[in-house]
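Here come two complexes built around chain A, the first alongside chain B, the second alongside chain C.
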Partner chain A sequence: MHGVEPLAVAQPPPQAQYARGGSALAVHIYGWLLLLPAAVLLVAFTHYPAVQTLIDSFYSTPRGRRGAVFVGLDNYQTMLADPVFWRALQNNVVYATSVIPLTIALALAMALLINGKIAGRPFLRLSFFTPTVLPMIAVANIWLFFYSPGYGLLDQILGLFDSSTHNWLGDEHTALGCLIAVAVWKDAGFFMIFYLAALQQISPQLAEAAALEGAGRWYFFRRVTFPLLMPTTLFVLVNAVINSFRLVDHIVVMTQGGPDNTTALLLFYIYEVGFKFWDTAYAATLTVVLLVLLACLALGQFLILDRRIHYQ
Partner chain B sequence: MSQISVQNVSKYWGATRAVENVSFDAVAGSLIVLLGPSGCGKSTTLRLIAGLEQVTSGRIFLGSQDVTALPPAKRRISMVFQSYALFPHLTVAENILFGLRVRKVPAVERTRRLNRVAALLGLDSLLERKPSQLSGGQQQRVALGRAIIAETPVCLMDEPLSNLDAQLRAEMRREIRTLQQQLGITMVYVTHDQSEAMSMADWVILMRNGRIEQAARPEDLYARPASTFAARFIGTPPMNILPVVPNTGDLLFGIRPEHIILGDTGIPARVQSAEFLGADTIVTCAYGGQTLAARVPGKAAFPTGATVGVQWHPENLHFFDAASGLRRDDVATSPREMPASPKNAPSFEEKRTCFAQK
Partner chain C sequence: MFCTKVKWLAAIAAVALVALATGIMTSAATAKDIVLSFYYPVAVGGPITKIIDGYVADFEKENPGIKINAIYAGTYQDTLTKALTAFKSGEPPDIAVLLSTDMFTLIDEDAITPFDDLLKTDADKTWAKSFFPAFMENSQTGGKTWGIPFQRSTIVMFWNKDAFKDAGLDPDKAPDTWDELVADGGKLTKRDASGNVSQWGIEIPSTGFPYWLFQGLTTADDVRLMNQAGTTTYFDKPGVVQALQYWVDLSRKYKIQPEGTIEWGTTPKDFFERKTAIMWTSTGNLTNVRANAKFPFGVAMLPAHQGRGSPTGGGNFYLFKKMANEERDAAFKFVKWMTTPERAADWGIATGYVAVRPDAWDTSKMKKYVADFPAAAVARDQLKYAVAELSTHDNQRVTKALNDGLQAALTGTKTPQQAMTDAQQEAARILKPYQ
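And now, the complex of A and B:
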């Protein structure tokens, strides 16, 4: 029993204690008990659901008294033949390839701006960061107003030049673009903080040394600042990729995937299939595909970029 | 011909006067050291020459050109920073070549110059390494390489050796001096280490509170310090400075530790400590409230607490005005205050509490 007391553990080295008291088991139990709370949470909410989702994707959806039946790859075949899945995937690719570079570029530009000596710097920092603290639901509602036909902010501004109204979120050609703008606005401030922190790690003497050699601002940014920011960029990139597949709150609030599925992203489609159509097996199948996709992207980013990045 | 000419240059930040009315000239091919304690304005002066700071008033000439308003890149100078300012993600070769790439020097010429500099500094085998894989001394060489590959006539150095250990510092000191003479560069070198200044410089500019305290050749700075500040800043241990007796309150005299003769005769003093340095020993003696350091050759046999006689030759004395601290050469000839010979040497004031020695 004495092995459980912290003081008894601290006094003689653990090995000596095993030899003397033979209480190795007690030490192990003690350790596992400490790990238990975290382990329970992880298993219950991460590992078990993930494995169960994978299993469910090989079974049919249980309905009423009819239980789940093993169907092999049937769900996957359904998916390949599902035009809405392909549409959602295509939408998500367009969405991700727009949101990620735009967010990163804007975050970097804002960080560079407020890292320099400009008037009103604290105010600018605060205003760039504000969208980050707002919940996505609130952001979506604000932008819903911006996009409202006729009296929305955007139409009111455009109304100064021409009198026609635009149904920004109801038009197939503009709806996805509108959601992209919201996502960029929401995330850029957050990523800016990381860039700002990284920029302040770079010694100002590097800029002075480069200035003495005659390097212009752009040259210095291209050859020194940007390469030194690469670890941050990788981190931001991984997060931006995950966010672009993970965040669908604004779709729920603003478009519900419409018009004609032009704003249906993968996760939103999974949500619809799972909790509106209650086809849980098919939703599990789509989830597995999404997870595999994300895992491949993250792995690729680390494997390809990591080798080319300089870490301090 | 003077390569660098600094004329009445001042730099203020609001009410702070970092550099005030500083003027000096550097002959082409010479090594000028800006020396002083931290905060004396020496680094600011260097940055003004480099163009990294703008002067508040005054003019700076490099060669015959007035560069006061020019940006750093147009001044044709190179600089070595205290932190070396190496680009951590670039290899040694790319660090050295950085400036040549900016200036779009052709590849053939770049390679030729890189090979030459690498051979000169012994960096041949390190060219593909990153700065983080180098020792402090090697990083220092890369920074030097980046400065000399530009082949500019003027090179500025901001405490380049302060991050190295003592042995490496002495080695690099010689190396930089040799390089400077070999390549005929005009160099302005900032340091707070007086031994670095004395051993390397053709001309030392001692600064204090943004002003020039004394500008002289190293040997003159040592032999004829212009003020008590200069006298105490140069030399290890520094010059002993004590009030003259009979005390009129307006005169101090100074004597270098190596000019003090310890023996059986002279003013009696008590040995406080003896610090053996190998070739010589620094003996600290007390008389009343004053202490003075003496350098005696070899291992001196003066036990702590023993009484010794202190003597000196009158020609080794320096006199300073007590109020202004400035040197007074008129005094040495005056017989009244001559404290020099052992018989009528200055007797120290017993009750004086301020220590001449720090």
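And now, the complex of A and C:
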């Protein structure tokens, strides 16, 4: 990715080797057989479920002895009229647009900090990376304690400044913000590793040359370091976007989407509809929306951003 | 190259053979025994899994030839999800303890079998009638018995006697009406000069299943939330709105309860830490409170308003379909064994759940326990006033409509009237196909 030469492509085997096998057909079969293991996995776990989900979204939910019947766009109409869906979508937009830039900024800042020569570097690296190692469920349980009103860590710290107790997760104004903080805390360390690796690829000569020219540190970062990090930023961005739609474990532990759906994200709502209400058809409909949304985001990132990035 | 391929093939074949042989051997070993899977949830504090494992071991000892795989499956919600997922994949558990309110859901999914066909002897028929009628309300519909009460509870009020003494109140008398609760709560709430609260008067939890605690208020206001058939709800009746107004007022008008939603799971901890002087919670927490409260505490029935009362709650035994006859008989035997008067008494003492049948309270063990710890009998006495827990068709969804409304009112996004009108509208929409 960072200007690495294209991997040496395996040379096609000389004709003589498979001539023994006979016709060109055999060559094709041989090729397809080599592809088969990967193709089977891809079809079974990615393409088939996606297509089946799309089909299910046009049918009603089978219940007991009543089978599924074709209902056309009924499920989609229900969805457009469902206030909780819109709420979840809106929450997810707020969540993603806060978590993604904050995580990336924090990851970059931490990487820059521990890339320099400072005291206690290994310790800092370890502590920045620790949240990534923990499973999300454990993280959510730790933070649940941080947020508990009165005797939680956060309230205890604020208590030093004589502040009143806060019902962090029970207040509709702060609940989503609390979850955003957890997600940022959890993911920043992971993305930091990528930035750190990229930073160490940048040639020190550039810094020396810039110093000779009299460029300030901020100028150097803005005009040299950051553009050189762009390929990494794209990679991190793609992952951050996926994570912001994919990780809902902390919601299950901390708020169950409450109070009054203020912390319901799209995937959490899909889980609720699918495995609490057992309305599988409607869950499939919501899943289709999520799929389309993610596909559009990914396409946009690759088609638009990728062109503007300078690869060394 | 070919040589390697052959080796690989041989290795795979060997692994397959071993797997096959093990499979045959295990099935041969279990052919004699009837093996039943049993899913159960844990919803209160204490070493519940250890107690259940102990029962299962005792049952297996007394009934050779029957093996019970007791599987702790998480919260009630997790357990239902796991049981239904397993059911849909064709491998349901044989026995499960699930919320009594999941009855309609399980019937609609065609997942469970009623107990009526299994009641062959007179002893069986007497057994089926031996439970408190209040617990059977959520266990029977359409003239059939679908669930057998096991870990059942009601809501009770715990109070910290030291806090009452400090506030100049009689430590042995809990508030008995809504007005007294407000008056006592005001004295119990401790504020410093700048208005920060170090101890609240009361906490009624409002996450997870706020509708259940809300029923403690609506029942006292003498209104019901749904009809017996589970097809209509009454969320926007004036009495219901009034009850919600009172709940909201505890926080916003009288300022004796924290604002916003209150976490169900940490409420007992708040009580132990003296963050709240009074809490409402399940009787199932009784043993937990007894073990962890570092101060004398009391247990009382919920305060009265127009009337008195609490919803029942908790879990029933269900038998899933797709069992062979002898498996079903074995499962039935296990359910009967778990609900004998002695076991019901033992389970009640170990956890705090209400022993589910009157004759359990006549056992010598239970009599001694109650004499020693009178608080344990409060929940039983409250059963006279108990009503069925909210349960309808498509229950989870209807319940969510109400929960969302309650939380919206408690956080101040909607007025109680608006919240309940919206919840009723949503519930009516969901229940339309069942009319």
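To be clear about the criterion, the second predicted complex is superposed on the first by the 269 of 312 C-alpha atoms of A that agree within 3 Å, B and C clash if a C-alpha of one lies under 4 Å from a C-alpha of the other, contacts with A are read in each partner's own complex, and residues count from 1 in each chain.
Keep in mind that, in the parts below, a contact is a pair of C-beta atoms (placed from the backbone, for glycine too) under 8 Å apart; a residue touches a chain by one contact, two chains touch by 3 or more.
Computed from a predicted structure; not experimentally measured.
Undergrad: Does the superposition put A:263 against chain B (first), chain C (second), both, or neither?
TA: Once the two structures are laid over each other on A, A:263 reaches no partner at all.
Undergrad: In the superposed arrangement, does A:215 touch chain B (first), chain C (second), both or neither?
TA: First partner only, chain B.
Undergrad: With both complexes superposed on chain A, which partner does A:57 reach: first (chain B), second (chain C), both or neither?
TA: Neither: A:57 stays clear of chain B and chain C.
Undergrad: Once the shared chain is lined up, is A:205 touching chain B (first), chain C (second), both, or neither of them?
TA: After superposition on chain A, A:205 lies in contact with chain B alone.
Undergrad: Check whether chain B or chain C contacts more residues of chain A in the superposed model.
TA: The partner making contact with more of chain A's residues is C.
Undergrad: Does chain B (first) or chain C (second) touch A:228, or do both, or does neither?
TA: Only chain B is touched by A:228; chain C is not.
Undergrad: Between chain B and chain C, whom does A:91 touch in the aligned arrangement: first, second, both, or neither?
TA: A:91: touches no partner chain.
Undergrad: On chain A, what residues does chain B touch that chain C touches as well?
TA: none
Undergrad: Write out the stretch or stretches of chain C touching chain A in their complex.
TA: By the definition above, chain C touches chain A via 77, 81, 84-85, 105, 107-111, 194-197, 206-208, 258-263, 266, 269-270, 273, 275, 394, 396-397, 400, 403-405, 407-408, 410-413.
Undergrad: In their complex, what parts of chain A are in touch with chain C?
TA: 63-65, 84, 148-151, 162-165, 167, 169-172, 255-256, 258-262, 272, 275-279
Undergrad: Please output the residues of chain A touching chain B within their complex, sorted ascending.
TA: Counting only chain A, the residues touching chain B are 203, 205-206, 208-215, 219, 223-224, 227-228, 310, 312.
Undergrad: Which positions of chain B touch chain A when the two form their complex?
TA: That would be residues 50, 52, 71-74, 77-79, 81, 83, 85, 87-90, 98-99, 102-103, 130, 132, 146, 150 of chain B.
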